[in-house]
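Next come two complexes, and both contain chain A; in the first it sits with chain B, in the second with chain C.
Moving on, here comes the complex of A and B:
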């Protein structure tokens, strides 16, 4: 039980963000109105996704150095949870776009970049499934994972900032200085990122333990 | 431990008490819903759903622990 303290923190932080995000005072801005609160929910999905993808690429590099099967499994699981959060992020973003920009999807560098990133990670999953040989699968997908992470950085962080984008935080369209006049939103926003990331790690831990059990069972049968 | 708990509680309470002060009108917000207290119904629903999912995750976690123990023995 003592090693599960971080799960309790995850639950407390997310609960705090869910409740506080609805109750605190937010800046009154035209067009956004109350939907500004989506910052606490939609944006945190992406931040948690990026943190998990970073963990994934770290494990992939670790695998390439160590050759341990467990590192490859960790990389895969982190990417799976990250992809799940990314899909939630893109769907929620689309709903938010409908109410602020008037369409579910617009041809915007940030949105298309997000779509490319999601597709790159779906490709990672498909690539993994296309190998029978375990070692080959682990090696090639680890190399691909590094490539996918570079795509994520380029398409989510760099390219949208170099052109004009409707999405806040890009091309002279800042996120925080625009929304967050008095910094009150950060009080919810940062705990929400940590909380959702930890929930993602918890889900990943469950998957990893299941994976280990499966391996152990296979070994016992031999 | 006790100090920590009080500090966290105080932080949460101070946050929620800042809620009621609402100046600077003009942009349309859901003020009526808030003044009628209906927002708390939404908050309760969301909180219960999340707590439900967490309870489910905890039970999964426990089941896995049990299996791990069985396989170790």
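Moving on, here comes the complex of A and C:
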């Protein structure tokens, strides 16, 4: 079990963030009040999603260079889990928005960026499913993955600069930088990012093993 | 490489000219959409609505126009083309040709829309800049996506699904720039958007140029 230590760390970190996030003292800021605790869940899930999406693109590039079927499977699985975390992030964000801004959905550049990211990755999934030929599917969806990822990053970078955002740190809302210096929040925030990412990697590893077993079964049947 | 590119470009233009009904269909599509918008709205007083409606019509027109980029060529013809020319020359010629085509379509939409619904644009040169940069950017994105979609069975609807999320950064910037043009805001303020659009165009063209060779090598 020597190689499974990181799974234990993942569970411990997420549990630490879940329990600690509810227990520690948080700075009291106008508008946010106690909902600031959602920072530990909502923001960290988005971080983990971006890390997994980046991993997915790296595997897509690797696939285009090497042509190994396994790299394509990894790219797909990373994107799937990233999408899962993204949906969780959007749901937690939506609930947070209801309590701070008064509505589940607000025309805000960051929310729109998030929605577009999710749409693009759903499109990636649909693209993958519209091929019969596996090699063709792998190659073409890798191309789309890279293309979409680069443009989405550009989108997430330029869009918030064009309009004011309701998000903390923009448009007169209390800024995160005020309590980024607050070490008690950092103690939860960074471990939570690592914890969610590791959980994502764990999920991905399980899916990959399942994928390998399916392929093995197919080969055995032949 | 350059010779290949010019030869392919002239081939595209000639093909389009000989198939006038396809081009005519496209132009008619834009005109009738503008007419539908006119009949539903009659007169548009609000400039942002005019602007948004114009770009949405253009977005759908562009998707329809570029969808034909790779779909219209039969499998055999594509194979033949690929034995003759390098993939880089093919994608470049498609992108440049579609850029020109989209520019023609956008100007036509602008004229028809302006005549029917009214023309609120105070700075036509800036609006023209937005049309040029929009046409090239849409063409760069949609050409590659059309090559992707043409490999699947349900290609036209797939092109919209794949394209719309990715086109949004471009579309949002274009909306801002063209709204500034409509309001007659000075260049110093709007130049920022022009730079963003130029940067987006460069990224899109570079990505398509680099990624397209992977799409056709079987």
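We adopt the following convention: the second predicted complex is superposed on the first by the 206 of 222 C-alpha atoms of A that agree within 3 Å, B and C clash if a C-alpha of one lies under 4 Å from a C-alpha of the other, contacts with A are read in each partner's own complex, and residues count from 1 in each chain.
Definition applied: a residue touches a chain if its C-beta (ideal position, glycine included) is under 8 Å from a C-beta of that chain, and two chains touch if they have at least 3 such contacts.
Since the model is a prediction, treat every value here as computed from it, not as a measurement.
Shared-chain residue A:144: touches chain C; no touch with chain B.
Of the two partner chains, neither chain B nor chain C is touched by A:66. Those residues of chain B that touch chain A in the complex are listed here as 12, 15-16, 18-19, 21-22, 24-30, 39, 42-43, 46-47, 50-51, 54, 57, 60-61, 64, 67-68, 71. Within the complex formed with chain A, the chain C residues making contact are 141, 144-145, 148, 151-154, 158, 161-162, 164-166, 168-169, 172-173, 176, 196, 200, 203-204, 207-208, 211, 214-215, 218. The touching residues of chain A, when paired with chain B in their complex, are 4, 7, 11, 14-16, 18-20, 22-25, 28-30, 33-34, 184, 187, 202-203, 206, 209-210, 213, 216-217, 220.
Of all residues in chain A, those touching chain C in their complex are 64, 116-117, 119-120, 123, 126-127, 130-131, 136, 139-140, 142-144, 146-148, 150-152, 154-155, 158-159, 162.
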